[in-house]
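The same chain A turns up in both complexes below, where it pairs with chain B and then with chain C.
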Partner chain A sequence: MTKNKSKAWLYLLPALIFLGIFMVYPLFDVIIYSFEEGYNSASQTFFGVGGYNFSYVLHDPYFLQAVKNTLILVVITVPVSTGIALLISLGLSSIKKLKELFQTVFFLPYVTNTLAVGLVFMILFKKTAYTEGMVNLLINFFGGNSVDFIDGPYWAKMFVLCFYTVWVVMPFKILILTSALASVNQDYYKVARVDATPRWRVFTKITLPMISPMLFYLIITGFIGAFKAYSDAVALFGTNLNTAGMNTIVGYVLDMLYGDSGGYPSYASAAALILFAIVLTITCINLLASRKNVRY
Partner chain B sequence: MKVVLENLTKRFPNSNKKQPEVIAVNSFSFEIPDGKLIGLLGPSGCGKSTALNLICGLETPTEGKIYFGDTDVTDLPPELRGVGMVFQNYALYPHLTVRQNIMFPLENLKGDKKLTKQQMLEKAEEAARLVQIQDYMDRKPSELSGGQQQRVAIARAMVKIPNVLLLDEPLSNLDARLRLQTREEIRRIQRETKVTTIFVTHDQEEAMSISDLIVVMKSGVIQQIGKPQEVYDDPVNLFVAKFLGTPPINVFFGSVKAGKLYIGKEAVLDVAGVEDRDVYVGVRPEGFWLAEDGALTCNLHAVEVMGRDTSVVSDHEALDSITIRSIIPAEEQVDTSKSTVRFNLKPFKVELFDRETEERIYFEAIEPSRVAGRDMVSPDGKQ
Partner chain C sequence: MGSKEAYKKAQAAARVRGKILKTIIYILLVIWGVIVLFPFYWMILTSLKSYGAYNSEYIPQLFTTSPTFQNYLDAFNTVPLGRYFSNTIIFTLVTTALMLVVIVLSAFAFSRLEFKGKNVLFTLFLSLMMIPNELVIITNFQTITNLGLRNTFLGLILPSVTSVFYIYLLKENFEQIPDELYKAAKVDGTSDLKYLLKVMIPICRPTLVTIVILKVIECWNSYVWPRLITDDEAYFLVSNGIQEIRENGFGRENIPAMMAAVVVISVPLIILFLIFRKKIMAGVSRGGTKG
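After this line comes the complex of A and B, so read on.
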C-alpha cells in the first residue's frame, strides 16, 4: 500500500513540480507583493507591510474606470451571447438542409485570429480619411448621423466592445449547445408530442432542463472569460486603453506592470487579487444558483 | 376502442439513393377488437416498431388507413388520436418527480378539458395507484428501479385514459425476474382498465404469455394472426413455427413417399393426403415420444434434468438445426449408456412445410397404434 502510494506520488511529481513553480509559487508571490508597500523591483526593497497598495488601487480613477468597463462588459455580453447562441443552436438543430454549412459558418470566428477579427471590426466601425466605416455608411443610408465608434462617445465604444466580445465568444457556445441539444433523447420529444405538449412548454419544461448543465457551464465560463477580457479591447482600441477610457481590470494589471506608467508590481498584484476576489464571488454565486436549478 | 388497419404501408427512402426504398410495413390489414391485448411479434427489424409508430401517429403511412372505432385517424397527429405510448427506455423526464411526470400530460390540456390543480393531483394519484407506484410519488426517476420506472411510464400513458395504449418493447430493459412480474402487471392493468393495448416485442414467450391475440411479422409482412395457442399449434409457415416456442421447434429435412413421412431413411409417420414431395418436418420439443423400437433414431448427446420434465439433447443426420431438443416427462428414463435414443413422433405435434415456399402442408393426422401411448389416450380411454 505505502509502496503504491509512493509510486503514485512519483507519477504525479512532474505535474506537481510544474504546477508548483508556475502556479502555486507565483500565486503566493502575488499575495506577498500586494502587501509590500513601495516595493522596488530593481532594488528588491520595500518600506513596510500593509494594505496601502489595495487602498491606492481602489482609489485610482483608472482602476475604477476599468472595473466599471469590465462589469458592463460582463453584464451585457454573458447573457446576450448565451441567449443568441441558444437561439442559433435551436435553429441549427431544427433545420436539415445546409446544416453543416451553417455550423461551419458559425464556427469560423472561433478559429480566426483575434487581431484579424479586430481588423474586420476596424473596417466595420472605424472612421478613416477615406471612409466613414461600413456601419456608419449603413446608418447614413437610413438617414442617421455618423457615430465615431472607435474614438467617439463612451457608449459607442462600449457597444463596439460588447458586440465584438459577443461575436468572438459565440462560436464555442454554439458548438457546445448544438451538441447538448443533439444529445437530448428524441423519445422525450416523441412523448411530448403524443401528450400534445405546446412548443413553448416543450422548450421550457424539457429542452431547457435537459441542456441546463451545459448552459450553466457556459454561463460560468462566460463570466470568468469576460472578467479576464483584455485582448479584445486592445484589438479595437490599441494598447493605450487608459487614454481611450476603455481599459479592463486585466488591462490595468498589465499597465501597472509593463505600461508607460508601469513598474509597480505591488499595485498590479493588489489589482489582480481584487479581480480574483470578484471572480471567485461571482463563480460561487453561479454555482449556488446552478445547484438549485440543475436538478439531475 | 377497436383499431382497424387497412392496407397500411410504410416505405422509407433508402439512405443510399440508388437502392430501392425500404418497405418497413407492407399492406397491413387487420382489426384489433375493443379492449384486447395484442402482441406484435417479430424479429428485430421486421417493422413492428414502425407499425406501432404508425398507429401512434408519430409516422405517417405511405398508403392505407387507420381507424379508431369508426373514426379515420390516418391524417390526425398523435396528440389528437388519444393514444398513450410507453417507450422502450420509458423516456421519463429525469428532472421531474414521479408525480410531475404523471401529471405532465394533464397539464397540457387546454380549453374546456383544462383541469384544476386538485383534479390533476387526484388523477395522477389514481393512475399511480393503478400501477402501484403511489408510495414513490416524490422521487425522481433515477431513484427508482427499472420496473418502477416502467410503471411510472405506464401511469403517465394511462393518466388521460387513452383510447389505445401502445407499448414499445415494454419489458426489454428489465431483468428476467422483473420481466415475469411486469408482464403480469401489464396484463392486470389492461384487464382492469379494458383499454385496447398493443405491444411490440421480439420475445415470443412474452407475447404468448399475456396477449389475447398475437400478430407475427416478418420483414414488414404479417405472417399470422391468432390466439397464442392457435398460432403455436397451427403455424401457417416454417417461419412462424420456428419463431414461436421455447425450446424452438426441431426442423428436419424429410420427404413424403406413398403417404409415409421419411426423415432420413426412416419412415416415421403416416401422413395421409400428401402427395410425394420433399418437405421440412417441424417437430415440437414435446412431440417426441420415447420408445424402445421408435422410428426415429437419434445420436444422444445429453440428458438435462429440469425437475418438472427432462430435456433430451440429440442430433440426427437429416436435421436442419444443430441439435434436437426434446422434452419428455420426468418419469421417463433415458438410457444414457447407449449412444442413440429412439423416438416416435406425436402426429399432432408434427408439422410439414413445403421445401420451396416454406408454407405449411396439412395432412390427416392418424394415430398409429404403435405410437399410442399413455398421454395420447383421452380420459375416457378412447383415442
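After this line comes the complex of A and C, so read on.
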C-alpha cells in the first residue's frame, strides 16, 4: 500500500510542479508585489512596504479611463448579447428547416482568431482619406453622416468595441441557450397548448423559469468575461490603447508590465488585484440575485 | 353550421399568424447570419482585390471582377507569415501534447489510486479554477524573464501545459469506467500504467478528443501571453504576428495583403470546425468559455 501511495504522488508530480510554479506561487507573489513600494524590475529592489501602489493606480488617469471604458463595455454588452442570444435561440428552437445551417454559421466567430477578425472590423468601420468604409456607406445610404469609428469620437469607438465584443461572445451564448431550450420538458408545452395559453404567458411562465439557471450562468460568465476584455480592443485600436483612450483594466495591467510604459510589476499587481476584487464582488452580487430568482 | 364556419376562419387566421411569426423568425436569423458572415466575406473579397484596385475604390465595391492571388504571395514573401504559421503549429502541438500527458496522469491518480489527502488535494485543485489568468500572469512574466526564457518556445509553452478544468473533466470520465475492469486487470498482473494506456485511454477517447480540440483552438488564438513573452519576430505566433503586420508590415497600409494574411490565419480553424462541428459544439457547451 505504501508503494501505491508514493506512486500516486508520482503520477500527480507533473501537475503539482506546473500548478505550483505557475498558479499557486504567483497568487501569493502578486499580493507581495502589490505592497512593495518602488519596486525596480532591473535591480529587483524596493524601498518600502505599504499601500502606495494602490493609491497610485487609483489616482492614475489612465487607470480611471480604463475602468470607465470597461464598465461601459460591461453594462452595454452583457445585457445586449444575452438578450439577442435569447431571441436568436428562441427563433432557432422554433424552426426545423435550415436549423443546422444557422447553428453552424452562428458558431463561426467562436473558432476565429479575435485579433485577425478584429482587423476586418477595423477596416469595415474605418474612414480614411481614400475610402469611406463599408459601414459609413451604409450610414450614408440611410441618410446619416459618416463617422470615423476607429479614430473618431469616443462614443463611436465605444460603439465598435461593444459591437465587436457582442459579435465575439454570441456563439457561446447561443449554443448554451439553444441546448437549454432543447432540454425543457416538452410535456409542459403540450399542457399549455391544451389550455390555449398565449405565447407570451408560455414564455414567461414556462420557458423563462426552466432556462433561468443557464441564463444566470451566462450572465455571470458574461460579466466576468467582459471585465477581462482586452484582445478585442487591441484588435480594433492597436496596441497603444492609452493613446486611443480605449484601454481596458486588463490592458492597463499588461501595459504596466511590458511595452513602452512597462516595467512596473507592482502597479500591475495592484491593478490586477483591484480588478479581481471588482469581479469577485459582482459575481457574489450575481449569485445572491440568482438565489432569489432562479428555480433549480 | 355557423360555428363550424367560425372555427374554420379562426383556424385559418391562426395559420396566417403562425406563418407571419415564422417569417419574422427567419428574417431575424438571416439578419444575424449576414452580420456573422459579412466580415468573412469581406476579408476574402478584399484579399482578392489588387492593391491598386482597392485603393482606387473610394466607395467600396461588394464584388471584384478581376481576382488576384498576388496578395497571398505578398503575405508570405514580404512578411514572415510562414514563420508565424509554423511557430503557431509547433506551439500548439507541443503544448497540447504535454498537457495531455500531465492531465491524463493526474486524472488517473485522482480517479484510480488511493492516497492520503486525496479529497483535500482535489478540492484545492478545483479551487484553483477560480483564479483568473490576469492575476498570475504578472509573476509568470517575471518568472519566465528571470529564467531567461523570453523569446523561446519553452517560455511560451510552460505556463499553459496544465489545466485544472481538463483534469476535472477527465477524472469524471475515468470514474465512469467500472471497477471490475481494473480489478480484472490487476488479477492478470497488468501494471497501472499499462492499464491506463490500454484500457482507460481508449475508452475515454471521445473526451480526450474534445479536450484536444478545445486546447488547439485556445492555443491557436492565444494572444496575451505570446505578446508578453516574445518581442523577437522569430518567435511570434499568428495573433501577435498579425498585430505586427498591422502596425509595421507591408509598408504603407496594404490592406488587401493584410486581409490575405487574415484569411490564411483563419482558415485552419474554420476547416477544423467544419470537420469536427458536432464534437466542438458539444465540447464547448460542456466546458468552453469565451466571453
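Side notes on the structure shown:
Everything that follows uses one rule, which is that the second predicted complex is superposed on the first by the 278 of 296 C-alpha atoms of A that agree within 3 Å, B and C clash if a C-alpha of one lies under 4 Å from a C-alpha of the other, contacts with A are read in each partner's own complex, and residues count from 1 in each chain.
Keep this in mind: contacts are C-beta pairs under 8 Å (C-beta built on N, C-alpha and C of every residue); 3 or more make two chains touch, one makes a residue touch a chain.
All figures in this text were calculated on a predicted structure; none of them were measured in a lab.
Annotation: superposed three-chain arrangement on chain A; chain B versus chain C shows no clash, the two fitting side by side. Of the two partner chains, chain B is the only one that A:188 touches; chain C does not reach it. By the document's definition of touching, neither partner reaches A:38: not chain B, not chain C.
In the superposition on chain A, A:94 makes contact with chain C only, while chain B stays out of contact range.
Once chain A of one complex is fitted onto chain A of the other, the partner contacts of A:51 are absent, as it touches neither chain B nor chain C.
Of the two partner chains, neither chain B nor chain C is touched by A:153. Between chain B and chain C, more residues of chain A are touched by C. Using the contact criterion defined above for the overlaid structures, shared-chain residue A:79 touches neither chain B nor chain C, since it reaches no partner. Between chain B and chain C the least C-alpha distance in the superposed model amounts to 7 Å.
Residue ranges of chain A in contact with chain B, taken from their complex: 185, 187-188, 190-191, 193-198, 201, 205-206, 209-210, 212, 295-296.
Those residues of chain A lying in contact with chain C across their complex are 4-5, 7-9, 11-12, 14-15, 18-19, 21-27, 29-30, 33, 41, 81, 84, 87-88, 91-92, 94-95, 102-117, 119-121, 123-124, 130-134, 137, 165, 167-173, 175-176, 179, 221-222, 224-226, 228, 230-231, 234-235, 238-239, 250, 253-254, 257-258, 265, 268-269, 272-273, 275-276, 279. Interface of chain C with chain A (complex): residues 22, 25-26, 28-29, 32-33, 35-40, 42-43, 46, 55, 57-60, 101-103, 105-106, 108-110, 113-116, 118, 121, 125, 128, 131-132, 134-143, 158-159, 161-162, 164, 167, 192, 217, 220-221, 223-224, 227-228, 238-240, 242-243, 246-247, 255, 258-259, 261-262, 265-266, 269-270, 272-274, 277, 280-281, 284-285, 288-291. Across the complex, chain B meets chain A through its residues 56-58, 77-80, 83-85, 87-89, 91, 93-95, 104-105, 107-109, 140, 142, 156, 160.
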